[in-house]
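Heads up, the next two complexes both have chain A, just with different partners, chain B and then chain C.
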Partner chain A sequence: MDHTSFLERWFRRVALSIIIVFFMFPIFWIVLMSFQTNETILRSPPSMSFTPTLDNYMAIIAGRLDSNVASMGIDFVNNLMNSIILSVCSVAVALVLGVPAAYAFARHKFRGSEDIAFTLLSFRFAPPLLVLLPLTLYFQEIGLADTYLGLVWVYQLICLPLILWIVRGYFEDISPDIEYAYRIAGHSWFSTFRKIALPLAGPGIAAAGLLAFIFAWNNFIFALVLASADKQPVTVGALAFVTASGIQYGQIAAAIVLSIAPTLALALWAQRYLVEGLSLGAVKG
Partner chain B sequence: MRMEFLELTSLSKSFSGETVLDEVSLSVQEGGTLVLFGKSGAGKTVLLRSIAGAIEPDDGTVVIDGEDVTSVPPEYRGIGMAFQNFALFPHMTAYDNIASSLTSKRMSASEIRTKVDAVAKLLKIEHVLSHAPKALSNGQKQRTALARALVSEPRVLLLDDPLRNVDAKLRFEMRLELPRLLADRGATIIYVTQDYKEAMALGDRIAVLDQGKIVQIGSPDDIYRRPANTQIAQLFGDPTINLLDVVPKEDDRGLHAFLSDQRVDFHGKFPGVAGRDCIVGLRPEALSFTETGGFPVTIEAVTPFNEKTVTLVTTLRGREILLSQPAQDPVPTGPKVNLQIAARDAILFDRETGNRIAPEPDGNRVEEAA
Partner chain C sequence: MTDTLTTRRRQLISPKVLPYVLSLPALLVCIGILIPFVTAIFYSLQRYRMSQPWNRGMNWGENYVKFLTDSDFWNTLKVSLVYAGSTVVLELLLGLAIALLLKKRSTVNNFVSIMLLLPLMTAPALAALMFKLMTNPNFGILSYFMQVIGFDDFRWGSSPGTALFTVILVDIWVYTPFMMILLLAGLRSLPTQPFEAAALDGVPQLEQFWRITLPMLMPYILTAALFRLLDSIQQFDIIYAMTQGGPGDTLMVFQVEAYLNFFQSTNVGRSAALLLILWAITYFLSNIFVKNWLRLRERAKGGA
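Here is the complex of A and B:
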């Protein structure tokens, strides 16, 4: 039954190991760094043997950044909260707007529907800075600069096209006959959308939501330009570790571990949906 | 006289410039069964969906029970429909699938249960009601889809080739079972199929659709014995009808043609047909072997089926003719035999258009009909 030779299997294992090491080593090294002091990190040659310390995590949670010359306050926990607020709200808004829109684009070919869908996708083509400079001016004018509302709004540039295009593919995969059957059974189009289309596109919506969450979480430039210190997410907050007295590698590592933990957990949990979503919804021609 | 319950008037539909329905008009009496028959792509499904309201026609009207429903949304039309691909809701159990036709109506849970159980029992699927569609066999899926269409006791029942995707044995069973099942309902039925046997077995009337047009509409007997053109003649019947090019001649004994140099008479009067290029259609079962008379042919091959024997013969000019007879009737031995034609079963077509040339009505025919 097994047609693969010993050599082939052995070769495959080696290849897989190389790939895993290549992609996982940086994460592994960051985790190691987060348990070390700046001295042990920076010694040459680098070594894997050290006495683990929780000082980095303590400093981040306590909000005190101690270096050998000075001590300064950082607000990393607040950054983490901002990340959660911004990402969750952005994805929620994008789902509320994007899923019905995706359904409309999938089911009702109205005049200009392709153009509108493509315009929404084109938000992802422009370099973010190009959009940001005029936006900053507008936002200051109308008082949206440095507000959660304004940031969530701008984050739609990331989340909305993603959700729209992935979920649209899912809706298109549902046989229209199934929806007709429900209509003919005496249900309105809205209850057909709720009871048939939404549950059947569920995995796709979950996958698109997760991807949008990750992209929103990892966004740097929008928050850097549009948010001040108390609204900044972790991606921008991490800049605070680059201080005049040096770069606090240990604390940066601890901060990174803390900031990737939620997305990593979410991604592992929804991994099955994610792979299915990427291969089914988005790739469909 | 029963009233016309469902009436379609010059229904037209085109998709991106391509005409799918071309001025289709037809009507079905209350409680009647109309079979829509045609090849795939003939527009049967689009027509059915226009009646259901899933597709909006470009032109024309749909009238159900005297009410114009052309622009009424599907949920208010009071229609039951079974789809060719079943279209079961994959995330619901068979029970919920069937009950979905009732949940939209003001009905208590116990009432719904009673009705679903009754229809499930009728269709012999009581034992799988708790299963999801993907755990059902094709036959069970088809019955669930049928149950969903039947359970709300709709006034109009649309069945889109419901037996297409089930295996041959089940199709045969259902073909016997369906007429009784449907007759009990009293609903007005439109049944779509590509299988002529199904069409003959189920329809009071058959409408033959080709390229979005109704080519012929009539009783199964009409379609079989008086097909509008050679195409329809070929679609109905197995083995298919023999079509032979002839140029008929006329003398004082009437219109006739020659096969294997022997005279074959046509039944009825055909003024102006003599000398025209024609095709004569001979049903394989309208032919029989004979000891005396008839015309000489050569037996080429004999294919015994269980219920009939199909024999391929050639005429003197090398034209092939299929002959079908009951299995118990002996096939004569020896290559040279004589063939007899029942004259009134010969159908005459115009060779250029393919349309049937109907005999002129005369006194004899009226007597026959009376």
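Here is the complex of A and C:
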């Protein structure tokens, strides 16, 4: 219906503008803050005119916070590295473990397959602390406390169910006939999986992998409980940074911008995959 | 038919066990998770404070029985339910409204829906920090706005009266786009015939919404709402990063209370019991969710 009234068009425009402002303003403002010195941040009333400075970012990258009172060392770059290591490794492990399992659940209705699939899914919904708190005590005993290995393992709680359920849906959408045809031509099960099923489910695997990466990056509670300062990702590191740096607001803002930039960039770059993964993963399965 | 093929190429793994072999690694990783779960049940039945190791012992259900007369527990339950209930309802209404606005595919609408992805991709803990900066009493832009419109003493997260509002605002900022994406996918997948028929019959827009859109969208709404409810009742990141459960006990939701019980008062028994009660709630909710979701998947498959 193209004969929408003048009033309706204006209502739509105003509503959309309010939505954009509400959802974009916090990001916009924090980015602005990250380019300001403390003096301009603390002006009242707040103003958008200032000479942008890269000092905050330089301080974080150099690892030194200088204030007029004292200077102290910080290691936020290390937090960034940890985030990258943890998210990349977790997604890689989850893909290696999850994609074959997803294929099994989609193709072979074996005994107990639905029960197992749901048990795995239920991990997604259980309170993480329920597992994490006893796990801290166990990890200390078996020496996994404060290791990347232990963290990557626990991160499977987020990544694995996600990959399993999204990828399974994509495998189910592929007609088994194509695979049968290829197998009848004399190819082994494994080459069928590799040459037919994997490429056809490619977009789904990419979507699931991206989402898993973002959720792993954004995770807070696992590392808060299990990691000490030198293994902490940005989410936990930023909180510690706020406490440690006190009133260095510009640097706090810069740290937040550096921490959210990777996931936001990914989101913009791969938005179509993400929307599909989010909506198919939850709605269509 | 496949017999000849399988005999020609000697297979290492017989087709019967293949699915088990494929899913076994994933299962093993997760079974490692089941052990701490059982341990948590065990802890919840113990008198166990890390500060008093000599006093440790089974007290069976005492931790749970104590909750009945424990006002802190009832406060936790109340705050968690209020938080989860209000975030889900508000996000649902907002998400539905936005989805309806963006229903038609156009450049502007696509742009808006891509922009809305950004809050959702921001780590909730970092989103809380962003709002903490914006609500800082000295320079926070939101505090300034509040002053401008006449609330001189609006102290956001640091006052018991407004702390809940503040964290709910952050939650809405982060998760409304999630609702929007699901509902938009739902809206766009609805068949067009009923709407065309209604338009031909001259049914007014509002009535179309109540009579056609809403009933047809209901499965999607239920799925999205249950999914968010499951997450929201366990919210930790936003609340912990914003106020650590404070001021006082205003924001002591389940997981924050359990975390502080474990690490600050080192009362492992009480912490585990709290988490198991939360687990029971989420287990109940997730069963409803899964049933609903399966029905929706069947319908989506059948309709496609």
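By definition in this document, the second predicted complex is superposed on the first by the 263 of 285 C-alpha atoms of A that agree within 3 Å, B and C clash if a C-alpha of one lies under 4 Å from a C-alpha of the other, contacts with A are read in each partner's own complex, and residues count from 1 in each chain.
Note that a contact is a pair of C-beta atoms (placed from the backbone, for glycine too) under 8 Å apart; a residue touches a chain by one contact, two chains touch by 3 or more.
Keep in mind that what you see is a predicted model, and the values were worked out from it rather than measured.
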For this session: Look at A:W10 in the shared chain and tell me whether it touches chain B only, chain C only, both, or neither; answer first, second, both or neither.
Result: neither
For this session: Pick one for A:L129: touches chain B only (first), chain C only (second), both, or neither.
Result: second
For this session: Using the touch criterion from the header, give the chain among chain B and chain C with more contacted residues in chain A.
Result: C
Exercise. Thinking of the overlay built on chain A, is A:I196 touched by chain B (first), by chain C (second), by both, or by neither?
Worked result: first
For this session: Considering only the touch criterion stated at the top, classify A:I184 as touching first (chain B), second (chain C), both, or neither.
Result: both
For this session: State whether A:S175 touches chain B only (first), chain C only (second), both chains, or neither.
Result: first
For this session: Considering only the touch criterion stated at the top, classify A:F220 as touching first (chain B), second (chain C), both, or neither.
Result: second
Exercise. So, A:L264: does it touch chain B (first), chain C (second), both, or neither?
Worked result: second
Exercise. So, A:G98: does it touch chain B (first), chain C (second), both, or neither?
Worked result: second
Problem set entry | Interface residues of chain A shared between complexes with chain B and chain C | 183-184, 186, 188-189
For this session: Could you please specify the touching residues of chain C with respect to chain A in the complex?
Result: 1-2, 5, 8-9, 11, 15, 18-20, 22-23, 25-27, 29-30, 32-33, 35-37, 39-40, 43, 97-98, 101, 108, 112-127, 129-134, 136, 138-139, 141, 144, 173, 176-178, 181-182, 184-186, 199, 220, 223-224, 227, 230, 234, 236-237, 240-241, 254-255, 258-259, 262, 268, 271-272, 275-276, 278-279, 282-283, 285-286, 289-290, 293, 296-297, 300-301
Seminar exercise, completed: Residue positions on chain B within touch of chain A in the complex are 49, 52-54, 73-75, 77, 79-81, 83, 85, 87-91, 100-101, 103-105, 148, 152
Problem set entry | chain A residues touching chain C - in the complex, by the definition given at the top | 1, 12, 15-16, 19-20, 22-24, 26-27, 29-30, 33, 41-46, 96-98, 100-101, 103-105, 107-108, 110, 113, 116, 118-123, 125-135, 137-138, 153-154, 156-157, 160, 164, 183-184, 186, 188-189, 214, 217-221, 224-225, 234-236, 238-239, 242, 249, 252-253, 256, 259-260, 263-264, 266-268, 271, 274-275, 278-280, 282-285
Exercise. In the complex formed with chain B, which residues of chain A make contact?
Worked result: 175-178, 180-189, 191, 196, 199-200
